[in-house]
Amino acid sequence: MNVVVQNIQRADPEIAEGLGRCGVATVHEAQGRKGLMAAYMRPIYNGTSLGASAVTILAPPCDNWMLHAAIEQVQAGDILVLAVTSPSDAGYFGDLLATSLQAHGGVGLIIDAGVRDIRDLTEMKCPVWSKAVHAQGTVKETLGSVNVPVVCAGAQVNPGDVIVADDDGVCVVRREQASDVLKKAQARMANEEEKRKRFTSGELGLDIYDMRARLAKKGLKYV
Amino acid sequence: MNVVVQNIQRADPEIAEGLGRCGVATVHEAQGRKGLMAAYMRPIYNGTSLGASAVTILAPPCDNWMLHAAIEQVQAGDILVLAVTSPSDAGYFGDLLATSLQAHGGVGLIIDAGVRDIRDLTEMKCPVWSKAVHAQGTVKETLGSVNVPVVCAGAQVNPGDVIVADDDGVCVVRREQASDVLKKAQARMANEEEKRKRFTSGELGLDIYDMRARLAKKGLKYV
Amino acid sequence: MNVVVQNIQRADPEIAEGLGRCGVATVHEAQGRKGLMAAYMRPIYNGTSLGASAVTILAPPCDNWMLHAAIEQVQAGDILVLAVTSPSDAGYFGDLLATSLQAHGGVGLIIDAGVRDIRDLTEMKCPVWSKAVHAQGTVKETLGSVNVPVVCAGAQVNPGDVIVADDDGVCVVRREQASDVLKKAQARMANEEEKRKRFTSGELGLDIYDMRARLAKKGLKYV
Amino acid sequence: MNVVVQNIQRADPEIAEGLGRCGVATVHEAQGRKGLMAAYMRPIYNGTSLGASAVTILAPPCDNWMLHAAIEQVQAGDILVLAVTSPSDAGYFGDLLATSLQAHGGVGLIIDAGVRDIRDLTEMKCPVWSKAVHAQGTVKETLGSVNVPVVCAGAQVNPGDVIVADDDGVCVVRREQASDVLKKAQARMANEEEKRKRFTSGELGLDIYDMRARLAKKGLKYV
Amino acid sequence: MNVVVQNIQRADPEIAEGLGRCGVATVHEAQGRKGLMAAYMRPIYNGTSLGASAVTILAPPCDNWMLHAAIEQVQAGDILVLAVTSPSDAGYFGDLLATSLQAHGGVGLIIDAGVRDIRDLTEMKCPVWSKAVHAQGTVKETLGSVNVPVVCAGAQVNPGDVIVADDDGVCVVRREQASDVLKKAQARMANEEEKRKRFTSGELGLDIYDMRARLAKKGLKYV
Amino acid sequence: MNVVVQNIQRADPEIAEGLGRCGVATVHEAQGRKGLMAAYMRPIYNGTSLGASAVTILAPPCDNWMLHAAIEQVQAGDILVLAVTSPSDAGYFGDLLATSLQAHGGVGLIIDAGVRDIRDLTEMKCPVWSKAVHAQGTVKETLGSVNVPVVCAGAQVNPGDVIVADDDGVCVVRREQASDVLKKAQARMANEEEKRKRFTSGELGLDIYDMRARLAKKGLKYV
């Protein structure tokens, strides 16, 4: 059955944005190394770092009809997450849909498929993480769903989950855990700051993390 | 038999350049969604958009001999299109060949293989769309052909066809249809401009394209 | 047996840097087309060209423990080369390890796996050539070795070999042959400079390389 | 947190086996085209068709420790489903583990990674659907979990869900929906049987499915 | 525009079958090494060798509607060749369509996409060369064309061209050239038979093909 | 410089064959998990298990000239190992070369490229492990070398090294270490036999390998 779920719970925007500031690698570690999308998900341009609540889309291959239905559900600060029912590298999203998305306050798109008009999207500052860039158009023939749980690039995403995305990839944080993960991520950042100073001064990880005895015990020989 | 066809008909340069200004996604739609090369064809640097007549090359794997024969056939405004008889990611084309190509007025290269010296090519403003970047050199041992029909990255290209290429990929327009496709592409652009205004104002695709009734008829449920 | 070899012979820094200035494509040709890594090894940002002595690492998949052991072995001007015992696209290296590497004079990393924090690495000017970019973290559980011969992206690398890397990829030069290869590479560059002038003036490769008779003999027909 | 969930609900074995007899393509259609794993999941030998309840495993890359923990949880008729936290093609499972699995009544393995000893597994009639075949061994260093929800080859699998697998691939049916899906799948099979007779007699799909008017309306021209 | 071309010229069945008996590798050589599809096109089962006239299909991704229109055009001895407008690995063809195809005398399918029910197809002796095996179903929503020129797996195929397929892959022979290519292929086979005897007796290719002088001239050293 | 090294040291045939009987997975473990070729190296037919001394070939892409030079160097019991200087999936080796190879006592081929005539090779019982199957022919234009060290599918192979190959892949054992590795491999097999009995009787790996305490210490929770 194909549905558009209209009322979803979103993450607290401050928490989502806080996670975005921590970055994907830190958030991924902080929540126990889960929720990371596959390495093939790459930004169309570098330099963006964001955290936002997901409006999810389950779409057929080469068919972007549901993107239109999804944009109606977008609130300020949301990000679209599109998963496909079968692989496709067609260009589901271009400058017109980006214009529409931004007009409703949407901040970007995560898509396990292709995107086009990337020069325009770059100029519009509409960030997209995608599997492909391709001019191939799509049709509007087959239904999908909006705001249902999806598997996007190997990660389960529920509507309202927090998406964290930057130059290193895309990570999903369960909405219910977002506050807790943010605290852990911020603690990691503080801890990393301290470590960075020690590394800058020339201290070795072997000493900072006290690895020498464990390496020797495992049998590492220095020759 | 290996041939160099010396007299080919080219597209009208104004039409070719006009198509280049429309861009790949628009041209691909305007001609009924055909002629698009595979998504793995990527520019070595972003920001170029062009339309040009094709001088085609059918080359053996890891052998760039025919590129030299092809450059002799290049006229001002032409673009080289190189297809291979068996897959290769070797670097067929570098700064010396680019210098030669530009000296004869060639505007770039589409290659279903690899390219090298990309830093020089970028500085020289010699755009290339390729399957790979690799320093691997090639030999000059086996003949191919110049200005014969080829299949490049999944698209049939005849000599003199118009190549449209930008950050979204590469599309081929038959020379005989170029004028007609240009008109349709320009009409699409005008139409898109109008739609962009409506999207900017917040109107939804669901309403602009009158989709609500059709979605309901197909069975989409709002919950 | 897992070892860290502490005393390796390095290439002469002037020779290594000289090779870096020649660039990958030229060096690869100059040494008889060997030592090139696979085309999937790409820089995380464009514009760097370097030559440096390799400190090699053989690491388990998804385990970056040996990077810490390797950094202790780094001297000013060295580059790390990490090969894996089984494929992985996890992010073995990020901003903290880069800080540590730079504190010890290391100039970069070649890794047949993934890397993360690429925005930070770009700002720090810490160049990396990798198979993947991914936020996926690694563990510190299984030993590997440092400064043993490795196969990285299809190329054999011995400790102290010269790594040449730029936007076209990565090439390895045996330490023992580095001086000889440098001379040949510089000769090629001088020769190319002369050719560039002839190409710029419009001369064709067909004439510069005297190819017409050989093409005719092989059977190429002009029609 | 790493857990082994010991008491899971399983699907009714008769329902699971019934789904297995319907086959992957039919079951996938019957449940509305969802739950299908990616096309890269292939059987190590052809000819098996099964339906079984899933004991799920979330494992680190190149680390098969959790397989041992999982086999203790296996009951007669169960199938193991192993998902990884980062991609790996190492051989997690070979003839010894297969012996252990069969000794506890397990019927096979679905693994988003590699498998080895495939000649032995074939002789033992221990079917495996995997992403790779590789002799590469694994370690036992890092924890994962058993009987937690996982994403395997792009499909969400909960412990106790029904796995249907045959030469066409692997499909997951939610335990709660298995009875309902079985009815629909059996109805499809009956319907297909009738269609098969009509096709055998030479009737065309165009007529059996009454497609001619719709094709004409969409604009298909016969020339 | 979407069309079904109803009257196409076919190759002489004896010539097509004769080409099938020569096999793909021989035919490919005999026609000057052209017309070969990409290496990813693999048979669903080994041991078939055929030559047949092509009924071509251009189909949208994940949409098998045109297969039904194509089967109406099939005559005894024809083979279907399906190309896609955008990549797909969905299963376009299964046992019901195979039943229909065989009822009309069709001998198999070449498809640059996926296929399913491969156990049934194997039992029915309905050979298929495909890019993928996948249970993923398709829709019947978007038009394509039948009996138009297509590019399938990198090779141009015109309706009525001869398809030669065996365990080594798939090759296309232009209908107009089929008779000539058959003669050349048969000559090659006779020649190979003679060579096989010489190789069996222990003679070396170095001597049979008189390579020693040329190797020496090129600079090969025996040490 | 291109050379054919004529006198190489081979491994003791009994040791090589003994390693073949142990199989790839066991040998790979026995020598400390090194020497394994990439997972993409697959047999053209299942069921062969062998150990043999390597005659190595370094060949250009799409050029099989050196295979002829190599076969002259083959002695009874040798296996050919072909590495390429740039990737290729062309069919370097078919039934004529196989006839020649067998006439000189060669037992098979390991090739980091393509092979053709696989139906004939299967009937001739000439096993090949390859990256691809493709009818694409090769040329005889460019020199390579015979019996030099090569990197094949990610593994370093020296002439005379032992190649172990079976349905799980291909592993290389240094000639100098072959005797020692054989002993370790045989010890592993004896040990595995004992373990197999315990697994067959229903004992768990958790107990056989005494894992419970270590799992608990690492933090695994049973719930």
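Here are some notes:
Should a chain be cited, it is by its letter among A, B, C, D, E and F, assigned in written order, with residues numbered from 1 in that chain.
Please note the rule applied: a residue touches a chain if its C-beta (ideal position, glycine included) is under 8 Å from a C-beta of that chain, and two chains touch if they have at least 3 such contacts.
Remember, predicted model here, so these are calculated numbers, not experimental data.
Where touching is counted per the definition, the chains common to chain C and chain F are B, D. When chain C is fitted to chain D on its Cα atoms, the angle of the rotation, on a 0 to 180 scale and to the nearest 5, is 180 degrees. Distance between chain centres (mean CA atoms), chain A to chain D: 28 Å. Averaged Cα coordinates give chain A a centre that lies 41 Å from the centre of chain F. With centres taken as mean Cα positions, chain F sits 31 Å from chain D. The set of chain B residues that touch two or more partner chains comprises 1, 33, 39, 85, 87, 89, 136. Here the touching chains pair up as A-B, A-C, A-D, A-E, B-C, B-E, B-F, C-D, C-F, D-E, D-F, E-F.
Partner chain D is touched in their complex by these residues of chain C: 60-62, 85-90, 136, 139, 141-142. Residues 1-6, 65, 67-69, 71-72, 89, 91, 94-97, 99-100, 103-104, 114, 116-119, 122, 132-137, 140, 143 of chain B are the ones touching chain C in the complex. Contacts from chain D toward chain A in the complex involve residues 1, 32-34, 38-39, 85, 87, 149, 151, 154-156. Against chain A, in their complex, chain B makes its touches with residues 23-25, 28-29, 33, 36, 39, 42, 46-47, 49, 166-169, 171, 192, 195-196, 199-206, 209, 211, 215, 218-223.
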